[in-house]
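Letters A, B, C, D, E and F mark the chains as written, and numbering starts fresh at 1 in each.
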Amino acid sequence: MFYHVQNLINPIVDDQPDPSAANALQEGLGGQFGEMRTMMQYLFQSFNFRGDGIPYLDLIQGIGIEEISHVELITKTISRLLDGAPEYHGGKFDVPGKGGAATMDMAKEQQNPHHFIVGAQGALPVDAAGNPWSGSYVHNHGNLVLDLMDNLVLESTGRTQKCRIYQMSSNKTLRATVAFLIARDEAHEMAFAKALETLGIDWAKALPIPKFDSSQYPEVKKLIDAGINREQYTFRLDGSQMEKIFQGSAPANDGTELVTLKEPKESYPIPPAPERPEEFAPGLDPELQELADALNEFKEKTVKKMEKKAGPNPRSKK
Amino acid sequence: MFYHVQNLINPIVDDQPDPSAANALQEGLGGQFGEMRTMMQYLFQSFNFRGDGIPYLDLIQGIGIEEISHVELITKTISRLLDGAPEYHGGKFDVPGKGGAATMDMAKEQQNPHHFIVGAQGALPVDAAGNPWSGSYVHNHGNLVLDLMDNLVLESTGRTQKCRIYQMSSNKTLRATVAFLIARDEAHEMAFAKALETLGIDWAKALPIPKFDSSQYPEVKKLIDAGINREQYTFRLDGSQMEKIFQGSAPANDGTELVTLKEPKESYPIPPAPERPEEFAPGLDPELQELADALNEFKEKTVKKMEKKAGPNPRSKK
Amino acid sequence: MFYHVQNLINPIVDDQPDPSAANALQEGLGGQFGEMRTMMQYLFQSFNFRGDGIPYLDLIQGIGIEEISHVELITKTISRLLDGAPEYHGGKFDVPGKGGAATMDMAKEQQNPHHFIVGAQGALPVDAAGNPWSGSYVHNHGNLVLDLMDNLVLESTGRTQKCRIYQMSSNKTLRATVAFLIARDEAHEMAFAKALETLGIDWAKALPIPKFDSSQYPEVKKLIDAGINREQYTFRLDGSQMEKIFQGSAPANDGTELVTLKEPKESYPIPPAPERPEEFAPGLDPELQELADALNEFKEKTVKKMEKKAGPNPRSKK
Amino acid sequence: MFYHVQNLINPIVDDQPDPSAANALQEGLGGQFGEMRTMMQYLFQSFNFRGDGIPYLDLIQGIGIEEISHVELITKTISRLLDGAPEYHGGKFDVPGKGGAATMDMAKEQQNPHHFIVGAQGALPVDAAGNPWSGSYVHNHGNLVLDLMDNLVLESTGRTQKCRIYQMSSNKTLRATVAFLIARDEAHEMAFAKALETLGIDWAKALPIPKFDSSQYPEVKKLIDAGINREQYTFRLDGSQMEKIFQGSAPANDGTELVTLKEPKESYPIPPAPERPEEFAPGLDPELQELADALNEFKEKTVKKMEKKAGPNPRSKK
Amino acid sequence: MFYHVQNLINPIVDDQPDPSAANALQEGLGGQFGEMRTMMQYLFQSFNFRGDGIPYLDLIQGIGIEEISHVELITKTISRLLDGAPEYHGGKFDVPGKGGAATMDMAKEQQNPHHFIVGAQGALPVDAAGNPWSGSYVHNHGNLVLDLMDNLVLESTGRTQKCRIYQMSSNKTLRATVAFLIARDEAHEMAFAKALETLGIDWAKALPIPKFDSSQYPEVKKLIDAGINREQYTFRLDGSQMEKIFQGSAPANDGTELVTLKEPKESYPIPPAPERPEEFAPGLDPELQELADALNEFKEKTVKKMEKKAGPNPRSKK
Amino acid sequence: MFYHVQNLINPIVDDQPDPSAANALQEGLGGQFGEMRTMMQYLFQSFNFRGDGIPYLDLIQGIGIEEISHVELITKTISRLLDGAPEYHGGKFDVPGKGGAATMDMAKEQQNPHHFIVGAQGALPVDAAGNPWSGSYVHNHGNLVLDLMDNLVLESTGRTQKCRIYQMSSNKTLRATVAFLIARDEAHEMAFAKALETLGIDWAKALPIPKFDSSQYPEVKKLIDAGINREQYTFRLDGSQMEKIFQGSAPANDGTELVTLKEPKESYPIPPAPERPEEFAPGLDPELQELADALNEFKEKTVKKMEKKAGPNPRSKK
């Protein structure tokens, strides 16, 4: 059974919108090696798990739960990169075709016009070439060694693709999220490689994939220096045996140690997303808005509330 | 951010395996109107939500979180229906081709041979005709009224299809899960219809879809009598404003009331799934098994532990 | 612009239901070489037509219009083959799970369970293996000679597949529709081959594909004897130049002549399709039915009306 | 059975070609909520219709027939926007690579190069991201209330997307067609909402979706002022009972009335489409052209004839 | 550049036809982890290879060439299993609907009716659930370590699935081909694992996947005893450096040695496939057959010739 | 059984990189009428061939073998057009994010960002709109006449599309490969048309499709002058009867003759492809590179070796 708090696993960093960066980032969300797959693959593997290897089950499932939060983070990042793209100047109840013109004028030339026609400047479950995500991406062979190796390839590919995306744009919103995912993918590479190490495999110097001088990617370096790439968090509220695997020397064999934290990762507030009248999002006209407001006069205090909502969670970073 | 406990939202009821019932149930998991879609559609809608209609956001997202647990439940149910299909008599380290013959002998005649070739008698992210789930199923129009209406159609269709599946087999494992989902789909129909009611729409006698005399479906009747079809649970650990919508008279206009519970739904233990040597699942031979056991001698005590693990969760039903 | 009369281009012949025959016939509807493709391919080719070759345009489009009526016919035939499958004994407002049990009991073992879960025993836009129809099937190269040759291959393949389907079942409902389509596909082979003949090609004895002794297929023989395989009808209400092509000796070079008729083909009444309570189709409970009836007391007289509706069309066969 | 006249349901307005506008418009043709789906969904629903609710059948089917004419209109509009894109200066028998260079020089940079490689500057059965249309888009649940609600969501989404496309380009060819479709989608929203109103639902102020000040979209305003968004035409040559539903106050509850016209909508001439030698369309070299001409010397008089052909239809607008 | 001899890489063993076994075997041909993928993945990786690691390139490409012959073998095996299914008694120019009835009578009940409708009892580029093969299955990351690991997972999965298929039928035609592919997949597992071993990884006891007591699978045991699972053949006519990798102790660490042979594997004659009149395959009527025969009176001597053709190849096994 | 030499069937001509030309060329590789389809369609047709028409079998299969070399050529051409796009200045062990910036800076704006995210500037099995290749493209009807006509349409379409692509860019790398494929597609049109001619069909002036003044396409003219469009090569090492068909006057009826050569086409060296550090291709860091080098000190001499490797093949052009 699953639970949620309305916070993000990593902060969204503010920068200008950039629709083609948003489109590149779609690969990390809905691509064949993106977060929707990692989430679904690990959940299916854990739901269909056979046998009594609980620490292996707990490791796979524990990462799967984290991946849902990655889907949440990357979705929010894409929405942010598309928002107001490239120069927003519409307001609530603004007239479509007037204030919204700037955004819509450039929309049809973008990499994926669906961001503006099908969605309201929000993330889509597709890849960077516009192909919808497919259930055929989910690999669940049933054989433990094989599933672990498949997962290792998946994380290594996801990390390689994100390193390529990182280089495609210097936008800070893009790079903050991508850098975090690069570091976490590395931690997950370590997790599956370590699980295979418990079955005897020695990885020597093959990992992580790809290897690079992190000082060239400052946002990544900062996270690595903080150890984000060697930690695993506990999102299981009833405990987990994954620590039996995720501990000791990292299978990258670089002198680092794996650390399983008892706590979930700290969380961060979600920046509010404004309405976009030119997209009819959310599409309430004054009459309907009045009815919505009548629900509980929640309107004026909402932004404040949203920030406050993020607040009560004791794990949230101030 | 998401969390998990290793329990199910509804109990798995024991009965004989039934591979073609498992295949029919795949529609409820990976079909165009199945639980993978409801889960993804509501998560995308909530992650991309625009504007300050927090109660609407909380309602959509709250249901989306529950749907992840539905995916978990239906996946486990399908695995169970496939397990040992139709007569299991293999043991750990049994010789494939010997003990496993009975299962494999009938495998190629089944509705979807992938259950036995691609997976190890586990659920797949596909529908009842074997088509993989597609990201194109996810509808997130951005317009609030439109998204709510789309969600209402989605829940109504899901419920209609599950009522049809219910009639296809008298298997208790199938019916227990399907009956629960029929009742919950009805609650979700109520939720989205009520949200539209707050914007002025009066549904008269049109809901729920389909209407039927529940006394004909005893498993459903029992859940309806217990009020499962008018409750909404709170899976948000930091509170939620969805109660502002999900309260008062049900939009079915049948005299019932909607109730938002402060607590998540109680949870139930997960029955262990045995290894299947003829599927090479999990595939550890004695040498690898020894290494796995060495992790922490967890082997002998595991079944007991799994049951105990389900125990510590205070929300779990004894 | 398109118009319609509520009649069929060929009569539905009565026989027992046969779900697996219905499934085989899906190939003729939603398969890569089925009627949905012929309809869409010729419509796209005619809408995108370039240049002043009006007789070629009129020929392609004229066949395209007829294909819509083929889609209508084959859809009705599939629904009929699925209806009451295999022994219907439910009535209006019957209780699902009771009277409907017979149908649903066998539903999950059928070739495509979608006929019973997703549809209400009706035709689906899919092929005989359950794959949804795809826009990629539509070939519109823009080059006239190439489009004509592609169309010839399309009709020849459609005819070959239908000849194979004919042999798969002796069900009269199936065979009557398939035999008609075999004869019409042959007429369309002649049409596109003749258009190429006007550009110089001599087909010698290569056509039609496949060639067979029609006396072995009695339903086909009867239609061939009546000349159905050498006629082209006029569904254009404002005239057409296709006759400039579709005339003279048939390109099968078998001594037959092509005839363009000024009139559309005669039409036939549509047999009514009963409600299926176990499918919740149409799903009106007594309260909603009363509202629907109140529209105009149309209920009691409806079957009579449906037959009468088919009547007023002067082209309809008595 | 279906019939045709070689005219359009709305005039094509002349303007410069605009390939990226053509690509955006593909969403309205081959997108998940485009005209190919509305056409196919309503045809399948009417072909598979169960029970005796003739007015509902006639309404669904009547709209379905109109949608074929929408597919025709939007296809022609896309071809027009692509034609000569961006500056045409080739003539019949011109040498590819010479006169055609301007078009082909920019072709590979366009949103969807298929418009120039696969088609000959004509419309394709794909969406704005290049995905082919899929049969899985067609929803035909069999349950009447559910099908009507699904159709209402479909029309509302189609209309929302077209309003977004309208804002993306000020090209008059695009806007004339899109404005017409926006008005007609609104009429169809009214139709399905009214059908649900006959079953008791009161829509209050929720419709149409989206609501906007039409005076901001001058082409739409003009059509609304003429009542195009509250009319339903009769494309059934043998009469129809849809008027029993499509009458009385509009479910938008804005004081307007629904009007069912006995006649089809007036029709408009189809502008001729020139050959494109650089696309080998139609691809007749002088030898083959001579053979084609010999068919009936139709060549010199053709443009005149095409305009004349559009003429004889008494419903055609002069 | 590629060359061919008209022989098979392994003999087809004679047994009764078995259409559902043929369908299961489709997974090994057109499945996500089947031979079409291995062939295409290794060819793409070798065509796109970067850098100067020639032995790695030669290894990947060498296996890719062999996989084309695997596609040939498995295709022939499926055709054989479908041929005359289940009891063939038609002859050349037999009348469809007469002699062919037995085959066609059971065709519509088979797992995939496409084998009889779309193909003429021949293999299809689809998987065991009828899904067409997709280019998205081909993984070519560009990174050498990653590509090698992906290939190892691919071979291990292919082998696991084939071991499952082996158990599904005792048909000798199926088992002979599957056993050969199990042994070769193991050799290819060794190849990619060894390539990774040259970069430092020690696989301990993890390979091959799956491990089993081969004496339980007699057809596999025989091949293993002959060393087929530790050999690599040379299909490069201009030499290859793959031997620099494929030599020394096997990475299964079971005391076996890897051997690169200078020669291609011996080859075997292709059994002739009879015409199937009920499928119109090849579809020549007496007139066309006469023309075909006139080509060179090849007819009477053909079967003899086919066997003789297989003869001249000196590598062919007598 | 298949064999290979490490050479190309046509030389790669040097020019600047051009990513959008590379993307257009993807249609010729992974498009519905591209080389992956011709290769697979002819291989499936020959593997599933029925009856004793050996010359027809040998013709279809002979062309199929050549198509594998076309896939190789077009893949290499695309990689070349993407390489260093648009200005390469990275070296081995260069730091990603530094030297590689130029390439990555423009990557996300390209037609298909997958060329840079999913692949390492290499060809993909997709079309020019980014859709993955599908097994449904392969047509193998089983009927000989029908298969030959389908193949003729396939070659004619492939040639038409390549003629369009030729006009889209003046890049010499693109044009050299496309011109060669245009000439070869014409030879294959002749082959299938001639096979149909042996069955009686007279093509008059309809072929080839499209017809054009080749002097306008200088690269094509040069190949036609050399007779490349009327030759068929022998890639069968054990002889072939295809010459019985591919001889005599060409079915284009233009006075040319068809010539079957006993030898394969001459072959050409493969230009080396440098590593791309910004793509982590091949991704060996100094430690791993040292291990790879230790294999056999092959490093320093490699470029020389690669050229030398191309040399020993006596068929290779100097």
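The rule is simple: a residue touches a chain if its C-beta (ideal position, glycine included) is under 8 Å from a C-beta of that chain, and two chains touch if they have at least 3 such contacts.
Chain identities (UniProt): A, B, C, D, E, F = Mn-containing catalase.
Since this is a predicted model, take the numbers as computed values, not measurements.
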Check your understanding: Which chain is most remote from subunit B (Mn-containing catalase) in terms of Cα centres?
Key -> F
Revision key, fill the gap. When contact pairs are matched by residue number, over half of those of C-E recur among E-F, A-B or A-F in A-F
Point to revise | Distance from subunit F (Mn-containing catalase) to subunit D (Mn-containing catalase) - Cα centre to Cα centre, in angstrom | key: 39
Check your understanding: With chain centres defined as C-alpha means, what is the inter-centre distance between subunit C (Mn-containing catalase) and subunit D (Mn-containing catalase) in Å?
Key -> 24
Point to revise | Residue numbers of subunit E (Mn-containing catalase) (touch at least two other chains) | key: 32, 118, 126, 130-132, 134, 136, 141, 143, 145-146, 160, 199-200, 205-206, 209-210, 279-280, 283, 288
Practice item. All pairs of touching chains, please: list them by chain label. Key: A-B, A-D, A-E, A-F, B-C, B-D, B-E, C-D, C-E, C-F, D-F, E-F
**Study point:** Residue ranges of subunit E (Mn-containing catalase) touching subunit B (Mn-containing catalase) (in the complex, touch as defined)
**Key:** 20-21, 23-24, 27, 31-32, 111, 127-131, 160-161, 163-169, 205-206, 209-213, 216-217
Check your understanding: Of all residues in subunit F (Mn-containing catalase), which touch subunit A (Mn-containing catalase) in the complex?
Key -> 95-98, 100-101, 104-105, 107-109, 112-114, 116-118, 126, 130-132, 278-280, 283, 285, 287-288
Point to revise | Residues of subunit B (Mn-containing catalase) touching subunit A (Mn-containing catalase) in the complex | key: 1-9, 30, 36, 40, 43-44, 47-56, 61, 65-66, 68-69, 71-72, 75-76, 79, 118-126, 132-136, 138, 140-146, 198-200, 235-239, 241, 244-245, 264-265, 267, 272-276, 279-284, 288, 291-292, 295-296, 298-299, 302-303, 305-306, 309, 312-313
Study note, to complete from the structure: Residue positions on subunit F (Mn-containing catalase) within touch of subunit C (Mn-containing catalase) in the complex are 32, 131, 134, 136, 139, 141, 143, 145-146, 149-150, 152-153, 156-157, 160, 196, 199-206, 209-210
